[in-house]
Amino acid sequence: MKLNPLDDRVVVEPLSAEQTTAGGIVLPDSAKEKPQRGRVIAIGPGRLLESGDRCPVALAIGDEVLFAKYGGTDIEIEKKEVKILRESDILAKVV
Amino acid sequence: MKLNPLDDRVVVEPLSAEQTTAGGIVLPDSAKEKPQRGRVIAIGPGRLLESGDRCPVALAIGDEVLFAKYGGTDIEIEKKEVKILRESDILAKVV
Amino acid sequence: MKLNPLDDRVVVEPLSAEQTTAGGIVLPDSAKEKPQRGRVIAIGPGRLLESGDRCPVALAIGDEVLFAKYGGTDIEIEKKEVKILRESDILAKVV
Amino acid sequence: MKLNPLDDRVVVEPLSAEQTTAGGIVLPDSAKEKPQRGRVIAIGPGRLLESGDRCPVALAIGDEVLFAKYGGTDIEIEKKEVKILRESDILAKVV
Amino acid sequence: MKLNPLDDRVVVEPLSAEQTTAGGIVLPDSAKEKPQRGRVIAIGPGRLLESGDRCPVALAIGDEVLFAKYGGTDIEIEKKEVKILRESDILAKVV
Amino acid sequence: MKLNPLDDRVVVEPLSAEQTTAGGIVLPDSAKEKPQRGRVIAIGPGRLLESGDRCPVALAIGDEVLFAKYGGTDIEIEKKEVKILRESDILAKVV
Amino acid sequence: MKLNPLDDRVVVEPLSAEQTTAGGIVLPDSAKEKPQRGRVIAIGPGRLLESGDRCPVALAIGDEVLFAKYGGTDIEIEKKEVKILRESDILAKVV
């Protein structure tokens, strides 16, 4: 009943524009490639370094994030649309 | 009677849309480049690091995975269509 | 009420052309891809090195910077338009 | 009377579709870029690592392999057509 | 009243063709992408190495340099047009 | 009266199709980008590694080689046409 | 009165086709991208390695070299046309 993303991927549940964020962030409608907000629901082990170690993803479950709109892959899981993104597609954490 | 994939490749047997997954994941029909579900049936030794070591593929035989639809190579083995993919084409493990 | 940028990203509040800089810098109107001035309001942990360490961004909150006009992503936060840029899109600090 | 491939190259003698493989693998005719089967007849010293060492090719003379159809270079040696491929063009070993 | 370039960038004040150089270098008018001469007025900390160290820019304030005409970014600072270039856009020091 | 190639380059004297090779290799006329045979007459110090060492070219003066037809640079030296190639353009040694 | 090239660049004074080389090398007129001969008159400190060290250019002042015709940048210095090239554009030393 869960997705375990590989590598530095995260699963994000998009937040619709109507939802009010704690941080009061509103994304301009006019921006053509505006970023989207979402909440992190699953996190991969992190990017593989040449040493063979992995660098943990700098995010935690429940974090609210901004991500590039056209990055990642959309899938539907238990009637809920989610997005699988790489960490590099996440712009910032909203705190 | 078996394929031993090279490098970080895995062999995946696609699961048809009709099959019910434990996780109840359904992939939207409308998505043009939607990922596909499959079951891992063979695993390579992993990606070669500059140190000369290999980083084991983070999957096990029998794992159910989501993978990018247009990645990899299709082949038919004993009347069964399978796909040879690189680990980087696997988005997530379904658990 | 705040953005925490990931990786080597910074959040910059653009300074309009009318604002007078301490350094008295004026950007030529005729230049087609002229850089813009801005003030740094948030800074990420820095670029990930292969060692697993991060190289801190060479900037501090409040720094006035010049950045490439078409780099980064525009977002609106509490009615204020800001820009999320990578450190490599910042040309220079104005001192 | 022999080719010694350089770097991570291997020389492969293609197996025609009519030949029966031990593994009973049949490649679908409809696939446009279907992989081909072949037998390894010569192997290079392996890919050069930054350390100056070479990573041996993970194959042995006589191995049956699947390889991407349009990779490599075709040459004729003693009236027999063979293919010189890089290890990265080999998808899997048939066992 | 000063620019502190980031990374391996330098700020260069272009020298007009009429100015006589100590070295007596004249750039041919006919060359379409001829390099330009300039004087270094500010220098960044240098290119970041994977070790986390920086390699100092191999130039000093006041150096006369040749640089590729179409590299870098033009800005106006206190009515003077200057150029922000990366060290790799500097071809040679004139001595 | 001699060329000393730089880096991992080798100088190769092409062998015409009429010349009989010890190995009896014949290249098919129909192949559009068929490799060519040649004899190595000069060898550079080898590719530079990040450690600052060089990896010696895996060939010796006098070796007969197969190389990609359109790689390298043709020059005429003492009325003899030769080719300067990088080691990576050499496919195999004929033994 | 001198150019000090940066990085792995060298300054080369082209030798005209009429000049007789010690090595008796003649470049074919028909070749469209034929290499050119020249004499090295200045040498940079060499390519920067990730260790922070530089790998000295494998040439000395006075060396006669072959270089790719369309590489580098042409400049005029004291009425003499010279070329600034990277070491990687130098094919071979004529000895």
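Which chain is which? They are A, B, C, D, E, F and G, in the order written, and residues in each are numbered from 1.
Here is the rule we use: a contact is a pair of C-beta atoms (placed from the backbone, for glycine too) under 8 Å apart; a residue touches a chain by one contact, two chains touch by 3 or more.
Only a predicted model underlies this, so the values are computations on that prediction, with no experimental measurement involved.
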Quiz prompt | Number of hops, subunit E to subunit F, where each hop joins two touching chains | solution = 2
Practice problem: Determine the centre-to-centre distance between subunit C and subunit G, using the mean Cα coordinates as centres, and give it in whole Å. | Solution: 41
Exercise. Mind checking the centre-to-centre distance between subunit D and subunit E? Centres are C-alpha means, answer in whole Å.
Key: 51
Exercise. Measure off the straight-line distance from the CA centroid of subunit A to the CA centroid of subunit B, and report it in whole Å.
Key: 23
Self-check item: Two or more partner chains touched - positions in subunit C
Solution: 50-51
Quiz item: Which chains make up the ring, in order, starting at subunit E and heading to subunit G first?
Solution: E, G, F, D, B, A, C
Quiz item: Where on subunit D does subunit F make contact in their complex?
Solution: 1-7, 9, 11, 42, 44-45, 48, 50-52, 73-79, 81, 84
Exercise. Spell out the part of subunit E that touches subunit G in their complex, as residue ranges.
Key: 22-28, 31, 33-35, 47, 49-51, 53, 55, 58-59, 66, 68, 87-88, 90-95
